[in-house]
Amino acid sequence: MNYETILHEIYQESKTLPIIGNVSISIPELTKVDPDKFGIHLISIEGEDFGIGDSNEKFSIQSVSKVLTVALAFSFLDERIWERVGVEPSGSAFNSLVQLEYEKGIPRNPFINAGAIVIADMLVTHLENPKQDFLDFIRMISGSPTIDFNLKVAQSEKDTRFRNAALANFLKSFGNITNDVEMVLDFYFHQCSIEMTCKELAHSFFFLANEGKTISGIQVLTKSQVKRLNALMQTCGFYDESGEYTYKVGLPGKSGIGGGIAALYPKNFVVSTWSPRLNEKGNSDLGMNALELLTTKTGMSIF
Amino acid sequence: MNYETILHEIYQESKTLPIIGNVSISIPELTKVDPDKFGIHLISIEGEDFGIGDSNEKFSIQSVSKVLTVALAFSFLDERIWERVGVEPSGSAFNSLVQLEYEKGIPRNPFINAGAIVIADMLVTHLENPKQDFLDFIRMISGSPTIDFNLKVAQSEKDTRFRNAALANFLKSFGNITNDVEMVLDFYFHQCSIEMTCKELAHSFFFLANEGKTISGIQVLTKSQVKRLNALMQTCGFYDESGEYTYKVGLPGKSGIGGGIAALYPKNFVVSTWSPRLNEKGNSDLGMNALELLTTKTGMSIF
Amino acid sequence: MNYETILHEIYQESKTLPIIGNVSISIPELTKVDPDKFGIHLISIEGEDFGIGDSNEKFSIQSVSKVLTVALAFSFLDERIWERVGVEPSGSAFNSLVQLEYEKGIPRNPFINAGAIVIADMLVTHLENPKQDFLDFIRMISGSPTIDFNLKVAQSEKDTRFRNAALANFLKSFGNITNDVEMVLDFYFHQCSIEMTCKELAHSFFFLANEGKTISGIQVLTKSQVKRLNALMQTCGFYDESGEYTYKVGLPGKSGIGGGIAALYPKNFVVSTWSPRLNEKGNSDLGMNALELLTTKTGMSIF
Amino acid sequence: MNYETILHEIYQESKTLPIIGNVSISIPELTKVDPDKFGIHLISIEGEDFGIGDSNEKFSIQSVSKVLTVALAFSFLDERIWERVGVEPSGSAFNSLVQLEYEKGIPRNPFINAGAIVIADMLVTHLENPKQDFLDFIRMISGSPTIDFNLKVAQSEKDTRFRNAALANFLKSFGNITNDVEMVLDFYFHQCSIEMTCKELAHSFFFLANEGKTISGIQVLTKSQVKRLNALMQTCGFYDESGEYTYKVGLPGKSGIGGGIAALYPKNFVVSTWSPRLNEKGNSDLGMNALELLTTKTGMSIF
């Protein structure tokens, strides 16, 4: 199977699809992005590594970062992280407070905002210099020392923080935030503001397709932990569209409102897409279509 | 009908009831209150004015203050206040976020915390010196120039503010808070920290039994506004126990977690009670019992 | 105060209001009603007794009957009826199943469908010939021996019973229906199909304004029971518009989707209205407006 | 990898685990089952085919049948089945009515009761002799002509049908049941009452691991349909424990309250377990543990 040829086909075919959705308006700074950007990158376990379209342009990874904070927390807390956050799909929007109230401050999973804020709190507690240490972790797993926060985006998220501030304070009211709310949110807004290219994103996720080992051979998580994190992405990675995504694509993946998606076929490849137009559930429309084409064309899904 | 005799009877009878509930633990400063305090005061339209028990001791009026902020906002915004807050009972706990999410940031009524925070936002916008002006209003309607905030209580509420901060930020995320969240919460915590005696509380509410006129004859609200505010207290004054309260007592009233209750029989009297032990719904157990005895004994309910 | 003059004024004024809403489409048989019917009837404790408009035409009282089934159950079970149904406003639509699930099969109050079905179950248990006995009760309190079920309407409700059948089965699954589901629904559909004129309806409710005594002097409920039932109507009588109704009208009342409303001023009068056009909450638009005019014009509200 | 050896190990190891849970009490007839039954069967694509423990005893497959009704409906309606039922995990209990109300009668997925009842309605519409035709389908895919309904169990489900009757009537009220409610429920209760051995169950699911082909080579679904059905099992197969199951086991699977589970590794094997003791979410405790051991020991998960 030649991935490069397939990717070209998918890229061309995707560009003929009807244009659907718009750039996220929830963070003012992100509305400045050109909605028609579109890039794909794939890296296989065997060493194929190539991109197409705007795959070398930086974009805001936003919620895709949640997989990486969970990975880092998982690496030093292991199963203890599930004492404060669940592993069930939420059936609600990514920023809903409803389930949090019914379930007394234990977020359904770490990929909705409430869960990611709890994970951020764990990192703030365990890391000496949380923001820098997390950035170093990202740089390490991706092999890209230039990956950085976009401070304008972080500030823009802070300026329009009210829903996330509501979630963080609500969590704190249940005792599920141990640090200062502001400090945790500051970390969270920075984590979401990280910018990567499709290539960097695919490289960052390489360890999840490679039984825990990065491209450079560092064992970030155990085999078992990687399986579990992949399982979690499969059931919870696309907010309340996770079922639909799994039904159509059949590869563990995570989306962000910056329009990025990272997905992977364990022991085979990682693929990342970027297209800023979001569907009504907040997931990249073109990105999801491209991934569906990929699994349909190649038959390469986990199911 | 001799109110004084009846009040004595009720007071004596109430003291023989089983002791139920505890002082609220939601605000640390309030836990210092002696749980066995118990006072009643009644002022009639005809001029009877007397108290019993600990009716001349100051206590934190907490949510009872919500009636007075609504009255003040009502006096200058009239029906426009209902553009941002409803008049329906909530069917949920006083600090629930669930309905707020389903109803897109419009609180069910101004007596649950979310609604009171929206009213606070209105006052912050319309008053030149919000805290002082509100205090002056209270002093004016009660005729007690010494009524004041308890700054320790206000600070204690600020220190444990997370649930209210969640509500305020959530409201702001829906655009239903126009001022700075911190400024609105600061006003709200001060409003709740006001201390009164049973006597002062009964006097403050006099205008609601007297077709809008205070004891000193100032027309605070119109007859029609007073009717509406009383109706609102009847359906929403006791959180998600409002139905039970109405069923048993049948007088418009409002409770607070400081253990105070103010209730009134339009064109007849205002009665206030204070007993800090709360039932599981957050309402003063002894206070509710005393009011039930009052309506049962006298047959004086609005129904 | 001359009620007759006022009623004439209200009737004339109401007829100039914009026409809003439509006849209920939930029961096919009811869609045949002329939407522009409009009648009012008032009976005072002092003996005034007159109607206007279509006040002598029969209409389907539908949910207004719920007050009368509660009254009958209350008369022989007293406070025990609250073991199986609550007294809190629901904050949800009249036929919602959501709260029922959260609250494990105990309906919020007897005026939403679920609660009324539980009351129907009580009557089926306690009455020898449930339908006939209930009809006899209605005839007795109203003094109208010709009041009857409309069997076509009952059948039409049965044919489109799915939501109510869902509620009844759901209640049964929680153990809160003791008889056969079909038998209880049959009673319920018949109770709702009762037809009265405005005059008969006002007469039926007379005992609720008269401390428990019917026009002919029969003590149906105790004074205390009547107060409680009135209180319940005030907080729960208009589904999730009860707060709005109480805010505007300030008289205990109950509406039905046939377009009827019965309301009362304790110790003063009962007023009934009929206009089949319903607002979006399922309450008679013109009826609510007429009652609001009545309280505004006369100042006669309980608050 | 020798599956037989592994299965023996798992079987022995599982038997030393603490005994947790009890037989389902929701259907009286099922309570008669010996709680300590335990069987496993595995069939691989390569032809290995063996069982252990009570793997040749019949048990009630209950909700496991939902996969087979979906497969049959999918085979003749293809993607059109998703017009009436979703593919998202529910986040609620299997028999919840709450989401159904919020989502206007479209069940979240076909593996919760509401969704399965809608699928049953489709089959009742499309099959000439629904019960017999479905039975024939099961016999065909399993290769076991003796598989049958247990009429006592079907009757027992009918006798205690209230929750399911509530769901079916509720669906009908939204127009999402086209046939008579009783007829649909009759089909549904029969489908759930089907009895199989672990061996028969594993054989029935063989086509899902074999790209749509049964053991005898009949193409039941297309490759693509099989992938989609497997994906759906992964996200929704274990009610509101689907996330936990996926996290721990990582194989598409479906459980039933009879204590059975069928799970599969696409292109590799199908494994079935039976142990009637259920955890609090209604899934077989020992079965889930056995499957977790299987994936842990062999590393054979899809992630």
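A, B, C and D are the chain letters, set down in written order, and residue numbers restart from 1 in every chain.
In this text, a residue touches a chain if its C-beta (ideal position, glycine included) is under 8 Å from a C-beta of that chain, and two chains touch if they have at least 3 such contacts.
For each chain, UniProt lists the protein as follows: A, B, C, D = Glutaminase.
This is a predicted model, so every value here is computed, not measured.
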item: Contact-graph separation of subunit A (Glutaminase) and subunit C (Glutaminase), given in steps at minimum; value: 2
item: Far-end chain from subunit C (Glutaminase), centres as C-alpha averages; value: A
item: Interchain centroid distance [CA atoms averaged], subunit C (Glutaminase)/subunit D (Glutaminase), Å; value: 47
item: Length of the line joining the C-alpha centres of subunit B (Glutaminase) and subunit D (Glutaminase), rounded to whole Å; value: 55
item: Between subunit B (Glutaminase) and subunit C (Glutaminase), centroid-to-centroid distance (C-alpha), Å; value: 32
item: Sites on subunit C (Glutaminase) at which at least two other chains make contact; value: none
item: Contact set on subunit B (Glutaminase) toward subunit C (Glutaminase) in their complex; value: 86-92, 99, 108-109, 223-224, 226-228, 230-232, 234-236, 240-244, 246-248, 250, 252, 266, 295-296, 299, 301-303
item: Interfacial residue positions of subunit A (Glutaminase) with respect to subunit B (Glutaminase) in the complex; value: 96-98, 100-102, 161-163, 165-170, 172-173, 181
